[in-house]
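Consider the two complexes below, in which subunit A is the common component and subunit B and subunit C are the respective partners.
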Partner chain A sequence: MAIPAGPWLEYEGGTLARQQVGLWRDGLRRLRRNRLALAAVVYLGLLACVCVVSLFWTPYNPNLVGACPTYALPGTPGHPLGCDDLGRDLISRLMVGSQVSLAVGLITAAIVVVLGVSVGLLIGYVRGVVDAAFALVINVFYGVPPLMIAIVLYVLLGPGLINIIIAIAASSWMDMARLVRGQTMSIREREFIEAARAGGARTGKILFGHIFPNALGPIIVQTTYVVPAAILTSAFFSFLGFGVPAPQADWGGMASEGFSPLLAGFDPYILLWPAIALSVTLLAFNFFGDGLRDAFDPRQRR
Partner chain B sequence: MVDNTAPANPAGDEPSVAAAPAEDRPLLQVENVVKHFPIKRGIFFKRQIGSVQAVEGVSLEVRRGETLGLVGETGCGKSTLARCITRLHPLTSGRVIFDGVDISRLSARQLRTHRRRMQMIFQDPFGSLNPRRRVGSIIGDPLAIHGVADGGERKRQVQELMEVVGLNPEHYNRFPSEFSGGQRQRIGVARALALRPSLIVCDEPVSALDVSVQAQIINLLEDLQGEFNLTYVFIAHDLAVVEHVSDRVAVMYLGKIVEMGETAELFGSPRHPYTAALLSASMVADPEKARSSHRVVLYGDVPSPINPPSGCRFHTRCPKAQPICSVEEPPLRVQAGDAVGHVTACHFPVAPGEQLVGTPPAISAAATAFAAASPDIGEEGRA
Partner chain C sequence: MTRGTLIYIVQRLAIIVLTLLVVSFVVFVVVHALPGNAFISQRVHGRSLQLLLHEYGLDQPVLIQYWNFLKGAIHGDLGVSLYIRGEQVTPLVLRELSVSCELGGAALIVTIGLGMTFGVLAAIRQNTWVDYLLTTLAVVGYTVPSFVIAGLGIMIFANFLGSVTGGAIAYSPVWTGTYGTIGELWLPALSIGLYTSGQITRITRASMLEVIQQDYIRTARAKGLREWVVTLRHALRNALVPVISILGTTVVGILVGVLVIENIFGIPGLGKEFVESILQHDYNVTVGVFTIFALLIGLSNLAVDLIYTVVDPRIRY
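And then the complex of A and B:
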């Protein structure tokens, strides 16, 4: 049967598909529509500015004992948030404390992404024995509580930021690995992967050039959940005393310092400020994460 | 080209293959290719509990410059065979000899040099293009991987290819989602062409497309065949398309080739009952003709490739089946009165002009009972 051809068939020049759906442009467009996420972005931007400023300037030296009267209440001239039991300026300490929180959150997230994505891509693509072996490793890691790792590292290496980061990363990379593994297993069956193999692409190229970009949405979303979880866990460690060494201000440690004055009935604000900062930051990250999930993860798109 | 054979045939177990003059030699020889997909249970201690026998001993040859059509129902192993030919699947056994080189046992590294000359066009124009890559890199990737061209030269070559397949070269930086189905398939064609292959395996390249766009892509493929001296293995389930494009046609049923021959001859006088049924099921545009044409209705369903029927695999549905069919497997051979290239695997081939009667298979009591229990089955038939 001859199939007729002719100029009347050439209607195909126009673009029938919806306009460009590049990951970033599309995601940002959706994010902009989400007011809560937008507010979260604004807050996090401010927090980042405060963090950077505090590296160079704070109203007072945050570790200077006796900078102001002990237990000065909020509103004391020159000390808007008041002072703690050692007479240290609380707003200065709160500013500096953001450094620890953001550092822990972001560095942990970076480690989790690198480790989780690499492992997930590998076991999702290779499957078989490697997959089964890593499933075992992952389950073992799930069984180890982060606090235990933190305590062991504290005992072995002494207090330090690195220990906290290692402890948290070691207990949160598995979710990322599992997520990426699942994504990889589904993406590797798609035809464009076969097309890439037919074109002679090597495994590395397929993993990072073809599978990874297609799994990027869920990875970004998962990352935004790792950050607040890491911040909360690190604050918790500091509260328990396994955190950063003493004079360094961080929100968990400040909350801990404010705990006994609160019980003694002196000054609830010492505990209140870091608690508020922590809560608002966690909320902001979570709203931001939700916004990103709506923007990037098509399966959960409303 | 003969030099290529030396490193890839270290055992020298088939000197006759390499010795044939390059021009007369078939471009592609498929010998007894078997592909089983194991069905496994367990995680650490996997045991095989069965296998899907997707391709079961297929042999065929494709000559330079011709188009071999491969037809059969969904699930008969056409696409698996295509992926075995291009070594996207490892073979269970058998050999694939491409231009004198046995590529069925080559390592990934050795294979890469041969992949350049053997490309594939995929069925799904949406699934076969990475949605996160721009057209320029989709088409240009093979050039980069094989170190053919870099930078500005690569861009120039890609845009040239885009022009050849009828795309606007200015759309170099667009994403696949910005194109229609037909345009996407053109991108797939350009990608397959990029390395100037000799053989292109087209795995149902038009079945996902609109009928009018199908014609464009088929015409494009035909034009390119002349222009670039291409050889096609063309897989389809649309018989009209296959008849239009193919020089020769092979009909597959449940992992085996049941009939193979020149297109006109096979379509004119099919010898295998399955081919006859398949052809009678194809649409005829002329209603007068359609009313007068005889329709062979097959009963039952395609049996499971996990546990295929004994003997001739078609015997459970064949209107001509005799007891021997379930016992002895008929070889693929030239039947009396046929041309040399026309082979049929059947004990009781259809005589020219014979009308097959669409009755339930003679020897399958179960199938008879099944058909009796549900009289409407087979009305629509399958093609």
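And then the complex of A and C:
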């Protein structure tokens, strides 16, 4: 009986050799089957659109005090989400707030990847004294909550979005470095690395040309968890009063502003909208991350 | 306790001491490098500022200041507060530690109680609506920020229920005394605990599913034991090891939660003090809080490793 060759044989065929596909095509195919992850991707796409639009246009100036009556309830004509205690339009502020969250999440992740991967590759490859020193630093670092380190760093650097990103990246790149170090240590013992070395490849070529591509799956997966973690940390920052400077809207800060009206017993919406936006975004990044993990790193499936 | 265990404990304690030294040194140097000082907001200038700086030793080089701090710290004296002038840091921090421990302990109970119950339930009802509901709840728990859960809780229990029942069932969201009563404590504890319990639920479920498939469970069932005896006494005991291994991470998660939640509910603990001391440049208090946090994490990690050997006697150090 002729069995048609195709990627679906992967799970049923067993001994049959499956069609050769690359990491990306293989991963994307599996990702497409995951509905929750797809929904998350759609939401994140919409969020990115909102973020880009808010750079050029919002219904009202988000920082304009007195754009509408203070504490206007949702559904007020012209202000679908209502207004805050200073009479600023909440939907405009919510739209602009996405900029801070996305910027912090994505740029922090980029820094963490570059720093964590380079350090991890180097330490995993060189080993010896460097590795021992790194282990010591990590031991000390894990001795305090990363949020506290980030806060102290941020206060030292001074206010501003860039400094928030630096503080969060500096307190969260070590997980990535540790992961890549472990991957490097196991991959460097494999035969093809020996072959590359015998063939005269330089260390840089071995690290980035041979080891890095083979550790890509776990790195991608880890990256997708760095993004929501960074957004969450920055929300905690703003919430505790260490956020972006005052008039700039961001979700954590908006939620923080919403707490005093809530505790006084009126108008929960000021807190509710940023809380929903933040939670749904974090959930979407997590679902997307879970989808990616299942797609790129099937062995780790929980 | 074998000799190996003792050696292991001593090693770990040495690492904790080392961590404390490094953490306190780095934080000390960084905090002193912050722009401004504790006396700016107190409107002290000129000669009187110089005298104050001299009195608190702040005009000396940072390294010498750290050495002096260290000499005091060895005797358990973390110096004096610069903001509330003359207040001893050690008793202050210890009092706040007890408040935070009350909150953190309650959060830990919520975490383990909810997390393990949900995890076991989800595992024994695998692929039913119970399983889907509980695993979804776990995901929501560890993604939604704790202050959102706190806000929703206040919205529902303080504002909505309060107005619906005319104040008969009302939650008062602001902490009145130094220590919270159970009526005040449960919502802050739940806000923290939902986050950490999400992780515990996932791990417990996965580990239970693995254990349930093993032969000795089938044997226990074949012997005619009741299902709950098999689940709790046979399966859960063996499923505990991975759960305990993430308890260290859980403690860190609870401490972060304490940091945030205390500032919402006005709880006079270490988390609130940490934020205030940074804003007030109260150097000694910041360093003190950091040191206490590092000590807590170090000791709880050690405790987790020791519990490990009790739960799984195969693990030896």
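Definition applied: the second predicted complex is superposed on the first by the 267 of 302 C-alpha atoms of A that agree within 3 Å, B and C clash if a C-alpha of one lies under 4 Å from a C-alpha of the other, contacts with A are read in each partner's own complex, and residues count from 1 in each chain.
Keep in mind that, in the parts below, a residue touches a chain if its C-beta (ideal position, glycine included) is under 8 Å from a C-beta of that chain, and two chains touch if they have at least 3 such contacts.
Fair warning: this is a prediction, and the values are worked out from it, not measured in the lab.
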item: Subunit B versus subunit C as contact partner of A:Gly200, first or second or both or neither; value: first
item: Contacts of A:His210 with subunit B and subunit C, given as first, second, both or neither; value: first
item: Touched partner set for A:Leu271, first subunit B, second subunit C, both or neither; value: second
item: Subunit B versus subunit C as contact partner of A:Ala132, first or second or both or neither; value: first
item: Touching partner for A:Val155 - first (subunit B), second (subunit C), both, neither; value: second
item: Which of subunit B and subunit C A:Leu46 touches, first, second, both or neither; value: neither
item: Partner chain in contact with A:Leu262 - subunit B first, subunit C second, else both or neither; value: second
item: Subunit B versus subunit C as contact partner of A:Leu73, first or second or both or neither; value: neither
item: Subunit B and subunit C footprints on subunit A, overlapping residues; value: none
item: Interface residues, subunit A side, partner subunit B - complex; value: 1-5, 9-10, 12-23, 129, 132, 135, 190-192, 194-202, 205, 209-210, 213-214, 216
item: Partner subunit A, residues of subunit B touching it in the complex; value: 43-44, 83, 86, 88, 112, 115-116, 119-120, 122-124, 127-133, 141-142, 145-146, 168, 174-175, 177-180, 182-183, 188, 191, 194-195, 212-216, 218-219, 240-241, 243-244, 285
item: For the subunit C and subunit A complex, residues of the former touching the latter; value: 15-16, 18-20, 22-23, 27, 30-31, 33-35, 139-140, 143-145, 147-148, 151-152, 154-155, 158-159, 162, 173-174, 202, 206, 252, 255-256, 259-260, 263-264, 274-275, 278-279, 286, 290, 293-294, 297-298
item: Subunit C partner contacts - residues on subunit A that touch it in the complex; value: 139-140, 142-145, 147-148, 151-153, 155-156, 158, 228, 232, 235-236, 239-241, 255-256, 258-259, 262-263, 265, 268, 271-272, 275, 278-279, 282-283, 286-287, 302
